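One structure below.
Chains here go by letter, A, B and C, matching the order in which they are written, and residues are numbered from 1 within each.
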Amino acid sequence: MATRPLGVEVPGVALALRRPGAWTVLARFCRKKPLGAIGGFLMLVILFTAVFANQLQTHDPIATDAGQSLARPGADHWLGSDHLGRDIYSRIVHGARVSLIVGLASTLLGSVLGGVIGLLSGYVGGKTDLITQRVMDILQGLPLLVLALVMSAALGPSIPNVVIAISIPIIPRAARVIRASVLSIREMQYVEAARAVGLRHLRIAFRHILPNTVGPFIVLCTAQLGSAILVEAALSFLGLGVPEPYPSWGRMLSVSAAEYAQKAPWLVLFPGLAISLAVFGSNLLGDALRDTLDPRLRGA
Amino acid sequence: MTRSTRIVALAMSLGLAAAFAGAAPASAQAPKYGGHLNLMQREDLSQGFAVHETSTIATSFPSMPCFNNLVVFDQSKRAETVDNLVGELAEKWSWQDNYRNLVFFLRKDVKWHDGQPFTSKDVKFTFDMVREAPEAAAKLRINPRKDWYTNVEKIEAPDPYTVVFHLKRPQPGLLVMLASGYSPVYAAHVNPASYRTGCIGTGPFKLKEWRKGEFVDYVKNTDYFMKGRPYLDTLRYVVIKERGTRTAALQAGQLDVSFPGETTKTAAEQLKKAVPGLVITPVAQAVSDNIILNTKKPPFDNPKVRLAVSYAIDRRALISAVHQGGAVPGASQQPKPYGVWGLLEKDLLALPGYGKPADMKAHAKKLLAEAGITPQNPLRVEMSTRAIAMYVDLASFVINELKQVGIEATLKQVETAQWHPMATRGEYQIGANLTGLGVDEPDANYYENYACGSPRNYSQYCSEEVMKMIEQQSQELNPQKRLALVSALQKKVEADAARPLLDWRLDYFTVWPHVKGLVPHDNIYNFGRMADVWRDKQ
Amino acid sequence: MKTYIAQRLGIGLLTLLGMSIVIFGMLRLAPGDIVDILFSTGGYVNPSERAAIEKELGLDRPVWVQYVEWIRQIVTGDLGKSYRYDLPAWEIIRPLIPVTLELAVLSLIVAVALGVPLGVISAVRQDTGLDYALRVFSLAGLSMPSFWLGMVIILSLVAWLGWIPPVTYVSPRENFWLHAVQFTLPALAVGYRSSALIMRITRSSLLEVMREDYIRTARAKGQSGRVVIWRHALQNAILPVVTVIGIEFAFLIGGLVVTETVFNLPGVARFLVEAILWRDYPIVQNLVMFIAIVVILSNLFVDMLYGFLDPRVRYGH
């Protein structure tokens, strides 16, 4: 998959064989994978919402307003308000920021750490690999939520701690994927050629193998992002996630939402929909990316 | 009489009879025996039935059917006053030697659930243990209410059915404290630690099973000393931690009784709308929202700054915003008509936070300016609170209020496990707090929360003047004089603003209509005996 | 074969040991311990009383001593005593296990019963509207927070029917139908979520297989489409599906944590959350170890099944 210049110049054909521009690639992607395009669009909307939360909000998300307790969705509160009169729409908009930050940060942290571990472990092989594998097994032996739960309780409620708590279960999963990818690439001819020429191992690892794990890495990230968002929501729901005053979609669903749900079903509906859409988008995009970037992984 | 006249006369007399029957009080309904009730339990019992080792409703409410007190508040009356005290294990009692000795004449027909006879030895054992007397036969692992009994010199049991509390000085309040749900009598022949896993009491119900995390099952005590009681056969306290699920369970009829302190005004409205037949009784909880201020460290060692905090918080707005109207304003004793020691309306309105909001905030700003805090030089503090929704909602509102007078507070959530250590060690600046009072008795309140050196005096507030006032009211025998002293005490602590009181919460206690005889009190801790509760078969 | 199992069990044991150290360490990282919680229920803190309780519970000993003690206890079959309830941990945990296992198995059955047929249909009708609709339906299940789904179910039921499934555990012996009702809804909620991955893998592996030469050959020979699919394709597509079912089982247990909480089922997962909040180390450690054992065993079982189903794969040398 390494790019090499063509050895022959043929007039006319040269133009056609030029590398396609970014927009063309995108257009092609949207046409071939409409579901993926939808997913990508959803993620963009959420990203946009997160970045421009302050501009998109209609009210201060943490300001209470006694007179507006449990107001129905309407002109004043687009998605209604909660028992303290806080605007649901504005809280969901800001919740996007929290969910995305926590989700992305924990996914990237876990995936990069896990990826590096997997890369080195797979490349070096031998005893190091074996031991690392066992350590990864230990971390992976527990369901994501259970491990995140214990970690979150261990570290205490704060955004950095939640990010760490969720990233730790991701590390072994990332390591496994990257390691598998590395193992398959390692045997390829050009790597052997590089070694024969005498290039140092680290250089081989990072210059030749790493770029080719990018595909699986991206797929891994999008897959884990959805899980990370869900785990954050579950942790917040159980009271161990992102603390006040940051609005978190998961925490909006705990405590008072269910209690007042019959008078104000929007308390339960909208935060849940928000979470679902975010994860849905990331999964759609992840699927499509996986199909495109690495057909071999389709069955995995 | 013509035939038609006779018919009319008959109809009229029938009508009158019907009118009288309808006008007869509902309590004329004869209680029925038998049946089962499911009661809501919001979390599993903290330390089982070891009431003397906890101060949480999660343990005391489901433990009440197992125990008896010496005296208790009449379960059928809402108000908890000296006049409503009835004897349980004590048949008669009398104050002697000008309120220096309290003598109880005990019932002779009481048996413990394991068959052993109840005697004065059990009473002496229990209260010597709680007050940590040097000659106490046992020791509690955790002892939150030791301070209630500091004035007890000696407890004597001259014969098996008489107990005498010898006090160091007169204390009329002691009798009331003994009536709280927090003052049951333990068995002397049983290791107190065993109450953490089981319950040997004298109460109307025997513990059948406590399935951890699931439920507590009680079965009728057929040897109960009160003949003809209890009415019910069995009780089950169902543990449901998830708030939405337990509200749904109450609504669906799987629970017959709500948990004390659990139902807010809005939730009650919703329940009533869904099931119009539900009986909802708004009562006070004896739980207050308050602010704790660390008086030992800047900036709140400065009384002006503390007072400014109190002025800044609009009490009525708080009640509206945080409780949707389901709370009432008051000072450090529960306000009338819910408590007997509450301040008069005019005195309450003179306290900080009750006047016109704009005026109050302006006054707060003035006080802060005198302390050197201005919009150019704002005060930045950290507001700590427990990581529970109730606390966080309160804290969020207060932070908003403080912002408007130039105090920038950031919220710091503290996990339950660390809240009390943090507060006791003074590792905080300002905190939003809830305080429950086991009984509407100034001695219990002030010795716990305002006395120098008390572990629950989180503000570490220590005023000699206030200590004198506490001691003075504690010994005052004349009720009117005592009321005046307590009023002065309430005004004084609000003026010192070490622990500004924000409001007193209400509970909208909910039961299904077939539940009879369960009367909630203006205090969540004291009405769970369940002996007079019966079930109307549908 | 036997050597393989022994090897796997041996590795599993080592993994468990490593995990025990990790869990043990993490728990003690947590700020606050049981003694703090006990005092919080008392509403105050007293240093000397605190020290006394720590001593009573053995928490004043060095951490590594406590760890060794714990391992020693497990090896002799003693799981220790719950700090909160002062009862043997096994006594408290034992009744919880059947509830969680039953829910897990039922959920898995729902997941397979839903996922495999949907995957087959989707593969056969590849790229049609039905395919897209099914994929979206399945993905929706994967995207919804399982606690949200549970909440919505319960709240809808009470709002429309004035009824919810029993909130106290009903054993099948007590009342079989009520028990069935109690477990069906949570199993559906969890199963729907797990069915998504199974459906996707069934679909993709079936697609992969259907392209293979021997399928085309069979078709060319004239065998009817349905027969071709069910006899040849599915047989070979089953392997990745089995693998995924195994992976899914572990993932499923995570979902049980919130589902048991919302539906108020007295299982291992719900109790785990409570025990973590209470810093009841003996309970948490043992429950986490239990979950780990279940995961390791189910992975082993899946690998065995894999070997059994695919004659090309053989273990042991």
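Criterion: a contact is a pair of C-beta atoms (placed from the backbone, for glycine too) under 8 Å apart; a residue touches a chain by one contact, two chains touch by 3 or more.
From a predicted model like this one, the values you see are computed outputs, not experimental measurements.
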{"item": "Contact-richer chain pair [B-C vs A-B]", "value": "B-C"}
{"item": "Nearest-to-centre chain - CA centroid comparison", "value": "C"}
{"item": "For chain A paired with chain C, centre-to-centre distance based on mean C-alpha positions, whole Å", "value": "23"}
{"item": "Separation of chain B from chain C, taking each centre as the mean of its C-alpha atoms, in whole Å", "value": "42"}
{"item": "Distance between the centres, which are taken as Cα means, of chain B and chain A, whole angstrom", "value": "48"}
{"item": "Residues of chain B touching at least two other chains", "value": "242, 244-245, 248, 251, 274, 415"}
{"item": "Contacts with two or more other chains, residues of chain A listed in rising order", "value": "156, 239, 257-258, 261-262"}
{"item": "Junction residues of chain C - those touching two or more other chains", "value": "31, 151, 155, 158-159, 261, 277, 279"}
{"item": "Residues on chain C engaged by chain A in the complex (per definition of touch)", "value": "11, 14-16, 18-19, 22-23, 26-27, 29-31, 132, 135-136, 139-140, 142-148, 151-152, 155, 158-159, 200-201, 204-205, 208, 240, 250-255, 257-258, 261, 272-273, 276-277, 279, 284, 288, 291-292, 295-296"}
{"item": "Footprint of chain C on chain B - complex, ascending", "value": "44, 46-48, 53-56, 58-59, 141-144, 193, 196-197, 211-215, 236, 238, 240-242, 244-246, 248-249, 251-255, 274-275, 415-421, 424-425, 455-456"}
{"item": "Residues of chain C that touch chain B when the two form their complex", "value": "31-33, 36-46, 49, 52-53, 56, 85-87, 92, 95, 151, 154-155, 157-159, 162-164, 166-169, 261-264, 266, 270-271, 274, 277, 279"}
{"item": "Chain B residues touching chain A - in the complex, by the definition given at the top", "value": "242-245, 247-248, 251, 264, 266-267, 269-270, 273-274, 317, 320-322, 324, 387, 389, 392-393, 395-397, 400, 411, 413, 415"}
{"item": "Touching residues on chain A, where the partner in the complex is chain B", "value": "62-67, 69-70, 83-85, 156-157, 239, 243-245, 254-263"}
